[in-house]
Amino acid sequence: MSESVVAAVSYEFGRTEVAEIPMPDISDDAGLLRVEMTGVCGSDWPYYQKYPGTKGPLILGHEPVGRVETLGRIARDRFGVKEGDRVALEEYLPCGHCKYCRSGDFRLCDATDTLNRPDAVRYGSTPISRAPSLWGGYSRFQYLHPNSVFHRVPDHVPAKQATLALPLGNGVEWAYLQGKARIGEAVVIQGPGQQGLACVVAAKEAGASCIIVTGLSTPADERRLALAKQLGADYTVNVDKVNLFDAVKDATGGEMADLVIDCASGGTETVVSAINLARKSGRIIMGGRKFKKIPEFDSDVLISRFLTVKGMRGHSWDAVELGLGIIASGRYALDGMCTHTFPLAEVDQALRTVGGQGLPGAIHCTVSPWE
Amino acid sequence: MSESVVAAVSYEFGRTEVAEIPMPDISDDAGLLRVEMTGVCGSDWPYYQKYPGTKGPLILGHEPVGRVETLGRIARDRFGVKEGDRVALEEYLPCGHCKYCRSGDFRLCDATDTLNRPDAVRYGSTPISRAPSLWGGYSRFQYLHPNSVFHRVPDHVPAKQATLALPLGNGVEWAYLQGKARIGEAVVIQGPGQQGLACVVAAKEAGASCIIVTGLSTPADERRLALAKQLGADYTVNVDKVNLFDAVKDATGGEMADLVIDCASGGTETVVSAINLARKSGRIIMGGRKFKKIPEFDSDVLISRFLTVKGMRGHSWDAVELGLGIIASGRYALDGMCTHTFPLAEVDQALRTVGGQGLPGAIHCTVSPWE
Amino acid sequence: MSESVVAAVSYEFGRTEVAEIPMPDISDDAGLLRVEMTGVCGSDWPYYQKYPGTKGPLILGHEPVGRVETLGRIARDRFGVKEGDRVALEEYLPCGHCKYCRSGDFRLCDATDTLNRPDAVRYGSTPISRAPSLWGGYSRFQYLHPNSVFHRVPDHVPAKQATLALPLGNGVEWAYLQGKARIGEAVVIQGPGQQGLACVVAAKEAGASCIIVTGLSTPADERRLALAKQLGADYTVNVDKVNLFDAVKDATGGEMADLVIDCASGGTETVVSAINLARKSGRIIMGGRKFKKIPEFDSDVLISRFLTVKGMRGHSWDAVELGLGIIASGRYALDGMCTHTFPLAEVDQALRTVGGQGLPGAIHCTVSPWE
Amino acid sequence: MSESVVAAVSYEFGRTEVAEIPMPDISDDAGLLRVEMTGVCGSDWPYYQKYPGTKGPLILGHEPVGRVETLGRIARDRFGVKEGDRVALEEYLPCGHCKYCRSGDFRLCDATDTLNRPDAVRYGSTPISRAPSLWGGYSRFQYLHPNSVFHRVPDHVPAKQATLALPLGNGVEWAYLQGKARIGEAVVIQGPGQQGLACVVAAKEAGASCIIVTGLSTPADERRLALAKQLGADYTVNVDKVNLFDAVKDATGGEMADLVIDCASGGTETVVSAINLARKSGRIIMGGRKFKKIPEFDSDVLISRFLTVKGMRGHSWDAVELGLGIIASGRYALDGMCTHTFPLAEVDQALRTVGGQGLPGAIHCTVSPWE
């Protein structure tokens, strides 16, 4: 094996450079992944803005697909994969023994919950100062920590689509496993980005009979809304032009939505609209963080209309397996979501593009480390 | 049968008078209840302030217990009770054929949802101008509308306790059926009034191992918190004296609450504390209306900690049956909740007492129409 | 209105005759349905063999679609439909007040459970000796009992397909609401008759990714299996020619079935195969009655493989609504299921055909009373 | 550390001898438990009869409680416990990466499922020929395999009661997590052995209001039924003297049981009675294996009465945690279950006693390896 690994290291916001990281020794309970391609998550953008400053230089990227290159003696038993297997990795590195891990909810494990525990370890969020540095997917090789979580990826799935495993897993988790979209239901999805589109696919698979996706009057959103229709949305609503409440009322014959999923980030108005669009006894999944308070929030509306609001992020193991099954089936035109691929040397551009400040038209972007 | 019915009619806020209402003819699909005793619900206070003005004079009271006096020919088949049976009535008069009624969730039925439909019909909320006037429990007889919902009450249950059927039904609904309190869980109940105490009993029945009830530094709350302990609470917290977050942290060994139930009315701070007291992936039941916005509400906390917030009011049929089963078992010292009983002539005082402006020490008050 | 109703009365097994039944007076809480078309249920065959002897002459048929002709004064409020509305009726006439009715499970209501209560009343199972005689759908008019359960049928749905409301409701109930078929699952359906095909549709809607239907080497089953494929089955298995266990093993990559639904009647071997085809922790829905003991049943297999076996018949209100939604969507080639339509004069032939002793190729047969 | 471990090795059925096993080297990902006490499971009796012959000599016992003696470098991170911690161990050694392990259902993992996979590894079921031999709890030390599953045991819990962690975990799993016993329900438990009594405790915790336990006319069962009452049973039934169906009918006011749990082994009649005792739509948990077919089994009864039959064995992690919480609470007189304690030299007698061929009066027996 070569003596160093070529990787894109983000030294500060705006400065990511291709560097050579010494090839680490792999301990008995660890391994190494040869990265084939890595998805650029929407969260990479705020990570990029924040982590180099607070944590130090790091290799971003936590949606890798690749082949197992090396396995330590103990890892061979423990990982359930063998050298050469094609896999997608989760970003989580759960402890394996807490109550959440033991009950199947390992994404709640404190050991990998970087949002609640600043010192938690997670792929794509851990600095190179922490040995063995190779914590990110924007690299030719990624370290396989003893607590890595694997999913098998069939050979016939194109790499770009395979890197949708986690985003689609999120869609399955939010719309189906947590949102409980079911046959015949009306589902509103606010925000037509990668996450919203993944929810469209999951709601469609679940048999929802009326899927409504909202977006803005931007060229980007117009393309995304068109794609939403291809993926199974029954209606799309440009909220800059149309009264959203009335549109949902019309589309549902006055019944309003059984489930509303808020995938929009930043603005507080989608929290309020999510609540207003739900039918009596409806469910609301809050997925997009706002980074501010919601002064218009009225808890009495939850009471008077028996509403459930559930905050959600990430995915269960099961959700990712279901997502990969959907990808592998070929039933959805997921290629339409895969808009841009960047070499390692252009990770800065990849990140800016996902952050809305680079190339236009981004939905699902990937980094291809061997190009 | 006598030619008129003695009832307490609320003509305007502050003026309730005993009046004689003509005994109505009972149609084939209706009946008449001889009221034994009626509970005074916390909601009677805002109803009293509002409905005489907006709807006109009415007989309040929607937690009656009594015996079936008369049944029309059709009602005999339809009600599932016979003359002489001792019953508790629900306040709801559901249509019986909408999707909510057909699926067992009849409290969501538009026909009886006075909060969302001003013209809906419900016991204790309907004016005397609507025939046959006898819509309330503060009366010697109450009309049995064709859509009445009955629960049987065993003869051995004292009337005062039997009128706890609906409040305890709410406790079972909020803490157990919706809140899903289960064996070994930590449950925080904010607000030690009748509703909070009912949640204590339900959580105890469900096997919760750590029940914490909060209250204020008032003589009323001090008595209620002492009663909470008798009913099964493990800890009580006076939030005026003790840091609530720390108290819950200590009581739960740092784990925080699996379930928080907000039964407090008015102040917005309990919405915020409910969210802060829940463990990662915990559940919050919002039961107490605030009549104002919650400017400190931060939806990102729901997301970062995977929280579920569920607005709730009222009860299912099953919840009331379970509540009556608990009452009938005699396992809980429910007599301690039954603080005051008033004759019809003192319904004004009864309402003020429940509204915090009458006699001190009220928890569960009743009106006894034959005294 | 005319003074008599033209109906097909089954006087004894093998002798159904068109007769004129006096037009009944309709009481205040009842009504009359003008029948457009009625489905012939598989259960009509055993009913035909048994009920004329045990109960006396009766009008069979309990899957009617039609328009409300007349409504009594009370029924107008109670039924949730108005004169002229197009509806499908359930066969159940639930009491409305027992614990099952109050919780949405009205098909369990003793009042309409003819299997457990011989004196229960149900459409298509009640003799003409019980007033007002018009209890069955093989008639131009059907009595609307006060406890009738309605579903609205959109005008654009062809009558033949609309009479699939109950069979498809069963499919939704068995495969989805009770069987809990979900995204990505492998579902085996034993028996390709009307009920099995309805399960195919429901499993497909639910996102099952591997649907396997079994049948025999008969011309009838060969046609049905071909139709199963059109409706969404991934595999069909002729159990006379192929080893079923191996076929399921192959189709599922060795995982076996998450859910097995037994829609086959008569033979005991499908009980045993259902259990053997389920994966560890799998679910089995038993829908087809055998009328004999199962000597090969081994409860230890349930224990060693954590299996759940659930006996099921009929449908919930929700299931029929979902079924009608699927029919109305036009997404499935349900016309292929509608094989034969008979006039009233040929009800004997219709029943024999469904019983396998009349015309060949029957799947869903209907009776059209005005032809 | 000493150079050998004193352990009771079962060489053949009827011949268990205290032997010295060489103290193994502990690899980085493993550890060693100093056994304080080990429960004798009912399954030890058939294991004893079978495994020495089919697998070779082994140390039986899979319900140990003790303190962590040694931990390898990797195990220190992975086990979530540290040296000196007091723990109960599960018998399972799940792989950690299969779909069952990843979803929290690790007892279904093939790697530890000795019933379906003869070569699976599990504590108390693995021969000494497999290194490092110390697979059983009837020993002063037990090997801590890398996949060990731990539960913390508070210091104040007596060792005898602590060894009830797994049996009580089974009770919680069967009666509560899988059987879904809930407030107000009637639960019949067939068989008053350790497992049945654990179900009594779990059903009581769950709020069941009518718990009925059945047994035979033997002195052993009479003692057990008396203990059942102390633990919370409302009724006990000697099926040799009383008609069980009638007894359940009387106790439930004719409603029959919401849940029946069959903890009886051997006889097929309890399968049939379990089904007959359940109310319409009731649930049946089959926990006791019969080692023969059930010729009287009638699947039509499941269909006509909407019954669910679920085969069950073992426990989830959550169930054991809840069980330990119940033990630690001291709310139940569990000391009454702890009938016999044996030193290592009397493991043969301990096994015979649990198998019904040794000392009389056994319920929960333990082996104390340092006495």
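To keep things simple, chains are lettered A, B, C and D as they appear, and every chain counts its residues starting from 1.
We adopt the following convention: a contact is a pair of C-beta atoms (placed from the backbone, for glycine too) under 8 Å apart; a residue touches a chain by one contact, two chains touch by 3 or more.
Just so you know, these numbers come straight off a predicted model, no measurement behind them.
Once chain A is left out of the assembly, the remaining chains are all still joined by touching in one piece.
Chain A maps onto chain B through a rotation of 180°, based on Cα atoms and reported in steps of 5.
Here B-D and B-C were compared by C-beta pairs in contact; the pair with more is B-C. Repeating the A-C interface with over half of its contact pairs identical by residue number, the matching pair from A-B, A-D or B-D is B-D.
Rounded to whole angstrom units, the spacing between the C-alpha centres of chain B and chain D is 43.
Rounded to whole angstrom, the centroid-to-centroid distance between chain B and chain C, based on C-alpha atoms, equals 42 Å.
With touch defined as above, residues shared between interfaces to two or more other chains in chain B number as follows: 105, 321. Residues of chain A touching chain B in their complex: 100, 105, 108, 113, 115-116, 271, 280-281, 286-287, 289-291, 293-313. On the chain B side of its complex with chain C, the touching residues are 28-29, 74, 77-80, 95-99, 102-106, 146, 149-150, 316-318, 321. Those residues of chain C that touch chain A in the shared complex are 172, 176, 183-184, 202, 205-207, 209, 321-322, 325-326, 329.
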